[in-house]
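Alright, structures below, take your time with them.
Heads up, the next two complexes both have chain A, just with different partners, chain B and then chain C.
Let's turn to the complex of A and B:
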């Protein structure tokens, strides 16, 4: 059973922030509700003590998509379905849209929001690795006004972020990658539909002639939270592309993941599978690049 | 605490007094006696509770009464017109896409939402639309055929 609670529907962001600050322990934001409602239903410890759900649906600015020459900024209430159906997101951020189309089911995607996906910060949040390789920033609003933060700084550990009590994530800022960037997204789940991811990988690479320019790699589900591999990216940027190189990158990635997770019962199969999946992903990206040329 | 919610249900304006945390699923089944909508998993994984809200398929187990004010909701009971079954309902019968029938209302509502935005879906699009609806009896082939044959 869902415990007794009230739903508050503020008309403005200011009103919402005030309410959250007046009820720090008892109020929680509800966006799509696809995590919080089953969580409440199952009595999850993450949601105990909630008396008010603050529903932001009436605040239209949280649903806007704004494009300028450098960024596409999306409102935090944008659902996965709205994201999949947006042409400028499809053209500029194909990995993100691909990951969005693998989330849950149509019913879930019609409600669930991208921002909810990372604010929750479950290890298996599908959209996080693509957001990370696109260097997504987020905009927050608190009692002291607006500020921005890279998404990679915002995510701390499973189910924890830097979101402070009384704050709202209002926008996601996606810098448009340069044209030379090419990438792909990989997801492994137990089934295709409505399956929790076991491994997600995103790679976005700048290819110049036969060399790697900037490389951006991220993983999810197989790492404790969605994460980038900055050291690895630096190490290999500028290298000449060869089959051996792609294998080395993938092998190093597996070792890095093992460093953060420690040895687990599943490492024996997950690490080699992740390495192989990353290798195939990189190979696919490099051959797609050749075809474009 | 009771609240008042007004919304359009199967074409009719309704106003109910209920609690904000009540699930749309319970509101439909217990308060409004529309028991066509089924409860399976209660956590958004089986699709048995699917209804169409503002032209989109949603799981009614994942929507709270306090969120539906002003919405337009269609349930399986809203498909029949002037005593005649909807094409989807008719085709599900003809193609043998119903066995125990528990998943059927949810399947049909997912298919209905698909047809609202895509009059001629191909097999892949149909599969995607019902990927969130589980059927443990018929096998999906008949269901896909029934949807492919239906019109809105």
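Let's turn to the complex of A and C:
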């Protein structure tokens, strides 16, 4: 059952920050509510002691999309549906938009926000691996003003981030990748609609001639949280592309994941399938690159 | 399709569709009464325990509590059940599964009551828990219900011919074991009921999401120790049932009724999804051992079947469910020598009962799988092995019943499906591929994580990781209750003197579209347009007991009753016109489009409303009660021989799938469903049955499974219990082959269950065709395909499913 709560609707970021700081233990931000409402219904320990929900929907600047030559900056309240329907995001960040289109159902995508996805930081957050391979940064507002942080630093462990009490994530800054980057996103769920992901993978690769330039790989659901594989990326950057190479990368990814997770009940299935899926993804990316050329 | 019908067989929109899609329809929880109280259930976290004491001292004086109700408040039967009275309304000596309820708290506010229920202190002693049905009948197994000598609920033997001789005569023998899972009905509306004390002393009204109001009335009356007439059950709009709102709802209604009679105020019980899945019964998991002997030409000489059904904690419908299994276990094949044993047993698992299909999807999965294995062994196509063995007119079933007095058109059904799908060519093409072995390469030792890392040669590439497969399954199904019980139904038609009509049947609208179907039957006979018909709410005090709305019997039995009533009224009106127009006694009239016409010497015509006004003026009764009774059937319990059902329907489904060998995913590209429902009354409703049944069958094939971990259910909501979405099943194409039948309205028989029962078998055969290997355990989920086994999370906590 949902406990009795007061809904606070601030009209400005300042007002919101003030309220959050005045009620540090009892106030929580609500954006789309697709995590917090079911969490409250289930009596989840993560949401106990809440007396105020601070609804940010009145603050229009959190819904803006601003593009310049370097970055596209999106407001933290942007929903997945809005993201799917934005041409500039579609053109510049296709992996992110693809992941957005796999989140939950139409109804969930109409409510849920991309910022809420990583602030909740569930292992299966679909948009996190694409955000990570795009080197997304986030902008936070606290009592001491604005500051920025790479998303990969912000995420700590399942359901924990560096968000401090009284702070609001206001924007997500997405640096536009250079033209030679090509990539893809993969999601495996138990079914095709309204599916919680069992494996997500994002790969963004710079391909020059027959060589791998910069490689960015990320996983979700199969790792404790959405994460990049920086060691692996470095190891294979500059390698000549071959079928064997793509298989080696995939097998190494399997090893990295086992290192992070240890053996879990699902490893017997997830670890081989992740490698297989990563190989298929890389093979597709490389052949798409050939076709473009 | 018979063109002489004016409305039967056409596409007709559901009468209740508008109210339902616009949210105006009132479901049980939408209905509230002044002064209404709520009741919440108190359970303990145990699958098998002796109750030592119950201490109410911490709640008894709380102002938020109005009354505590437990077994001591029950004036009548404390134990109920369709056959065996083994299920307590409130547990008093033991709990035998975690869904069990010990007492309930009544008050004004559900949230308050939920807080209070934690303060009821129940002292209990854990007993050994029995979860494996294969161990139920072992000597030292814990007794679930010690009042019975063992855990056997029922054993049905069936003996036909000489099984040893049949196998001795065979050239090939295949023996295999198949398993199916617990599944949940997943009706979208959780249980809700309100009991309202009536002004007449000792009488109560029940309004709820109740599938079978008459069964509910019987249970409530027995628990309250009231005459049947003192209990009035009214069905609210039902948000899905699929066989699931029977026992559970009867018990909930009884609890609410006790609460209402003791407090003197209306009492509502409404379940959350979690409570619904925890307490309600499931489909029986079966373990099915099949041994089949056949000649080199494919003719089956013998079939030996051994089935164990997990009845869970209570007997419920197990004796009826497993009886259908024993009748139909061989599939629609004429076999001279058959030996079948079906046993249902108790465990501490969730109890199992009625669910759409009712004991048929499990044996169909097994027999249709093994038929394909036989075809492969004999190097013939699956359609051909079936053609060589399947029922035709005059065939004898396993129970020795001669199939007659209806169209035994299985071959026509099969041929249509094969032709529409291009089955044969596709099956041969996909079958030629190599057995898919890479999935079995890991026999994991958890000490050796390196074995999870793929080697170069293990990888599948983008050209070879997908495969296609096609599979078919056939089935036959006995219509209605058969030798299970009395089979009769009533309908009441009342024409008004302006030509409008109200209609009520003793069978229920459970979301299947019965109101529209029965209105079409009345409209066809009386020549009315459907907008003239008002269908009344199901109410046990207004219409005779017509048995339960189950077994795909409502169109057949209810339709028969409506037709009889309509014909009786029409006969009276015709007689009136004969007198009015001075016609011969055998004059022929047409009733259509709200007009009645006579074409004999000198055509005559009268509008239907004028005719009704005339009849009213002449004092002719414009109402009638129709009764329809099925012919007698019989069954010998010792030999399993007899005329189990008075008529049968036949179906064939062909599934085409894509198998993703990299992940174990199966996608249903398309599914062709060919059914013989006798006669289609509402084409739109019939197609809807196919779409729904196939989708539900696809869920059974690929996703749905309730895991009982020591009796506890992990999948208590739809985040964990996965039913297919619209995105998960490709195109479904229904075809209807109508047959000639002497029963039901114009030969209309059954369709609801036939559409679901064979889908999983067809899908499993398509997966077999794609993979080149057989999977024996439903559901064929990712791990079953990829690893050849199920993987289970160690914890019951929620997480990624």
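In the analysis below, the second predicted complex is superposed on the first by the 293 of 293 C-alpha atoms of A that agree within 3 Å, B and C clash if a C-alpha of one lies under 4 Å from a C-alpha of the other, contacts with A are read in each partner's own complex, and residues count from 1 in each chain.
Quick note on the criterion: contacts are C-beta pairs under 8 Å (C-beta built on N, C-alpha and C of every residue); 3 or more make two chains touch, one makes a residue touch a chain.
None of the values given here were measured: they were computed from a predicted structure.
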item: Partner chain in contact with A:154 - chain B first, chain C second, else both or neither; value: neither
item: Touched partner set for A:55, first chain B, second chain C, both or neither; value: first
item: Touching partner for A:47 - first (chain B), second (chain C), both, neither; value: neither
item: Partner chain(s) touched by A:110 [first = chain B, second = chain C, both, neither]; value: first
item: Partner chain in contact with A:229 - chain B first, chain C second, else both or neither; value: neither
item: First, second, both or neither for A:247, with chain B first and chain C second; value: second
item: Contacts of A:118 with chain B and chain C, given as first, second, both or neither; value: neither
item: In the superposition, chain B vs chain C on chain A residues touched; value: C
item: Which of chain B and chain C A:33 touches, first, second, both or neither; value: first
item: Those residues of chain A which chain B touches in one complex and chain C touches in the other; value: 42, 105, 192-194
item: Parts of chain A lying in touch with chain C, wherever the complex brings them together; value: 1, 42, 105, 123-124, 188, 190-194, 196-198, 221, 243-244, 247, 250-251, 254-255, 258, 263, 265-269, 271-273, 275-277, 279-280, 283-284, 287
item: Touching residues on chain B, where the partner in the complex is chain A; value: 1, 3, 19-23, 42-45, 47, 50, 56-59, 61-64, 66-67, 110, 113-114, 128-129, 131-133
item: Residue numbers on chain C that touch chain A, as the complex places them; value: 110-111, 114, 442, 444, 446, 449, 452-456, 458-462, 465, 662-665, 667, 703, 719, 722, 724-728, 781-783, 786-787, 791-794, 798, 800-801
item: Chain A to chain B touching residues, read off their complex; value: 2-7, 9, 30, 33-34, 37-38, 40-42, 53, 55, 57, 81, 104-108, 110-111, 192-194
